[in-house]
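Before anything else, here is the set of structures, which you'll find just below.
Here chain A shows up in two complexes: once beside chain B, once beside chain C.
Moving on to the complex of A and B:
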């Protein structure tokens, strides 16, 4: 995948629940490591925007949605297994 | 999600009615309001239908909007299935039913632990917006299966349960299980849910001797009494139909002393006026003992009174029954034509005894029947378990009584079984009000039909066996003869009758003859009396004449003597010497 592609993520979290916090931290670490300067993260709290979560079909938290590049990908969980996450998001595992 | 607050009020003695016929009776009014009910069942056991019917009833009759969380099927599929039940959900009602498609996407990728806060947050917003009071999680196991370990599953179940309680939602959670064995279920990963929830209902769908049998059992119900037994049910045209037992506190039905004719005049007399209205009548007998004919006579009488009647035949087609009955002078075509009589052939219905019962009930309701004939009811014992057929027959009688329907069932007895009781598994004879037994008597080269009333509650009934005679003018009963300890029927009875008739005639003739002879003798005597009287009178006259003539002669003589003396100029002489003087 081209290095110039911007990754847009949306992360649904449940307030400050432990696994949500973990997911947030894991995502940030991953982005800084592999996608420095070409990522956007939209953080949505399901308790603050429940309707939005419902419309997006979010039943489990945390849920990460890769909006761009298409196709849309969803990953559920704390994003702790970085190999799985990177493969799922089509992010090159080699650092730049 | 924040740690759930302690539930504001757990004291909800009220029940949320499900609208499922029979279930509310079993569960004492419905599901526990504001609590969670677990619905466990195997594939195709009707979990989704039950849950959906609960929601639809809430919207249609209880002003309780509902949420359906579809974890397995899509909401389109579920709604399409719901349409087939004819619940007539109006668009306004449809708006109060919220369907959440929460099927896990097949491309979903998991990485690490997660929880259900997202769904609960969304549902909470939805529940607040619509004021939902009822919620269904259909196939929660699908969602739970995504969780990495048992501990996480347990945590999410408790989270969900706590959330439901804190929002005071009346909830149904359905779970898959392949068995009704409580022990086995509790060994399954989600088995502990049974201990957590306030009410657990187990749906069972099994095949017994090739016949599908469904049953429902309330396994637990905190804070409420309930019917603990398995109740058979089926999924009919309008959803669940549970054959619930009547509870003790159910209102007794109106009992009437009105009589309805059995269609056979002498049988009415034997029964003291006919069957009671709303009674259950059982006609037992071997093949060909005219059970159907007796039912036909009853149907004809009912139709003549203009009462709507349902005739369910398990033996033959409706048309065949009508044709066959016409041969004994029972004509039913016109009643079928004017709609009073409905013939139903149940040969085509396959399934368990439950199915039969529900179909018959539906037909009777549809036809608004006041009299129902089932010919023969013994077919039921062939399909599926004997015990279930037995309870079905019981409930059939119970239903007909509650409805005030006069029910006539025939029961085919096995040729091998004892003629009095019959070892048929369908021991409904204890419950019926009137039991008529038809029998054969093979004697002198013929087979004749005998009818006797084994019992008839509340009626002084004849203890006599009668001979049942079928002719092209109808059904009649005749007295039988007992001669020398033997019962005579048919030709022998006819011969006996003829012999008696001849004897009576001879006696009559002899009597007449004797009377005539006596008349003659009397007349003769009278004549003799008359002639003697005449003779007597003659004699008396003669005697009187004699007397008067002798008197006159004496007079003459004295006169003559006086004259003579005068002539002789004689002195007075003694009268004795007159004669000698001449």
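Moving on to the complex of A and C:
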């Protein structure tokens, strides 16, 4: 994957419920480590924007959607198993 | 138990199927998601929380914060508005548990304020201000409150900082109390303070090396510095005697007598051949510093009890090493435990090195110094040392506002003696002269031999010039009469002296020395026995000495006389009383006015005798007038400040009036205003005693002192005499007139008689009558006249005075 590709994520969370908070922290750590300078994260709280979640077809939190690069991928959970997550997102696991 | 979490892609249809299932059993969903999911959407797509997430969110903000608080090392408690503990953190709980606080009195539910209020003994030192601080914050009086306090245990120096902050800033219905362990910070601060103390000692000792020229002073000063500047509790220097090997206490500071005695006998008991058993011996034999930072619990320490009594907790023994040999040790004691650490010790080793260096320096210099500073023949100081000492005397005279005198002296005919009797005899004479000086005219420190027959002396404190002259006269006399024995012959020898007095003749040693030398030169040139550098001073001083002798004789020979100046009642024109004024009828120069000799009488103390005489004389005149059947008037006698201050004065007055019952009615004492004010309490009781005898009292020179009106009302006096300067101003300006008017009204309000002094013009007289002044005294009516004349003119009845004699009256 080219270095110049920008990763766009949207993370659906339930306020700061435990799993949501963990997913958020794990995502930020992952981005900083592996995608430094080439990621965007859009955070959606399903309690504040339930319609948006519904429209996006999100039924559980935390859910992460990789919007770009296509194809769109989704992962449910705390994102704590980073190897699995990296693979699912097609992010190089080698340190940059 | 449950499937591992399955992050990854989830096709929508699978999820919807899952939701159907999970809506039936929420718990099952959690199991299936491995606990990694917080919400699921319901049929309408609205998310709802799973139970676990609900539990999590239910944790209140406070609960989260309490978790944070629990993680903090500070002891924290929340108090309600009444001071009850409503929550504590883990550190608080641990602290109260481990410290076994009374009745676990720091637990939730207890009223912390009441616990503080109930504290007693040393605990109340902090508890009471803490309670007050909490109440202030609760009451909204203080935005917050903080206090640092010690909480030492037997093994540890602990410090805490307590802070009190309101729960809500705008309506303080509770507070957060936090105790933070600041021991580390305090310890760091202490280290800085300790180091500074050591630095202060070090720099003081550095300057000693330059200043001090003998071991004794060096040791004493070093110990004094360590205690004074360094803040050490005690300091001592022990020196091993090079011949006996015995250790002796050379100097100490802050050491009490009992401990000093104990130390001495301890040193005495030490075996010179077997140094090594005690810590001190170990420091000396190994030439290495020994530190004990826990004196009170250390078993090796010899004087545990004394240390406890003296309040010392740490000790450092620093060997003094001169030319490679440990010659003794400097021992420093600190009241703090654990005072001497590496940094301090490095500096202190340097300090001991400085003392050692100074000792070495002194040893080498001692012999050279002696030659450099002393006259070998007489043992007196030489010029160099004299000037150094003089500079020191000048400094202290300046700081203490004293004056000092420098004398330079030459012996008369010394060259002749040397030539005719030989140099050996001459040297012997110089030695004897030096001895005479130090034995008869102050200590050896005050004298110096500058060369040949040239000597110098200093009088470090002089009261007045008369002092110097008197001392000089009597010493020169005694010196001249002293028989010096040289072999078989006895000879007497005189001296010429030049005097310089600070600060008039110089404010530094060199100038004073030079000017005294110049004075000596002119004394020799003019054949005077002594001369002051300032010629006026010589004249004045000489004049004063002569005058003093003359006044003494005058008293013996009855040359003093009393003259009387009448006081006249302004409305009746009658002479109502007389002021007795002393005159000296000098057979050589005639009448001498009091201004020329009263100051000398006061300076020499002759005033007491002369004052007694005046009282007796006035009384005698009065009784003579009575005996002659005259219409007598009261005589006012002036009392000098020195007389009234003399505690025997009342008795003297009593004696003067004791002979005749008519006496008290004939005597008034005039006392200057400033004198009364000097010692108000004593004055009031003296005046009361005087009036109790039937005498009256007048305040002289009223307006020139600093009377406060409140005192004036309390003073038991009868008459107020307006000073002549006010009478003079009265006709010069409206202000002057207003002042006299005020004084008269004031006196009348206090029921005092008013006498105007120094009235010498008709204008003044007119004004005084308008203002209602009672009596007047002055040239306009009459000057002071001899007793016989007064008797003839004013006492030969009738007393009414012809108007022509005082103009407009």
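Quick notes on this one:
Note that in this section the second predicted complex is superposed on the first by the 96 of 96 C-alpha atoms of A that agree within 3 Å, B and C clash if a C-alpha of one lies under 4 Å from a C-alpha of the other, contacts with A are read in each partner's own complex, and residues count from 1 in each chain.
Quick note on the criterion: a contact is a pair of C-beta atoms (placed from the backbone, for glycine too) under 8 Å apart; a residue touches a chain by one contact, two chains touch by 3 or more.
These numbers were taken from a predicted model, which means no experiment stands behind them.
Touch criterion met: A:88 reaches chain B and chain C at once. In the overlay built on the shared chain, the residue A:6 is in contact with neither chain B nor chain C. Of the two partner chains placed by superposition, chain B and chain C are both touched by A:57.
In the three-chain superposition model, chain A touches both chain B and chain C at residues 14-15, 17, 19-20, 46-47, 50, 53-54, 57-62, 73-81, 84-85, 88.
Residues 12, 14-15, 17, 19-20, 22-23, 26, 46-47, 50-51, 53-54, 57-63, 73-81, 84-85, 88 of chain A touch chain B in their complex. Remark: chain B residues 1-2, 100-102, 104-105, 107-119, 121-126, 143, 146 touch chain A in the complex. Taken together, the chain C residues at the contact with chain A in this complex read 5-10, 12, 15-16, 19, 33-41, 44-47, 49, 52-53, 56-57.
Contacts from chain A toward chain C in the complex involve residues 13-20, 46-47, 50, 53-54, 57-62, 73-81, 84-85, 88.
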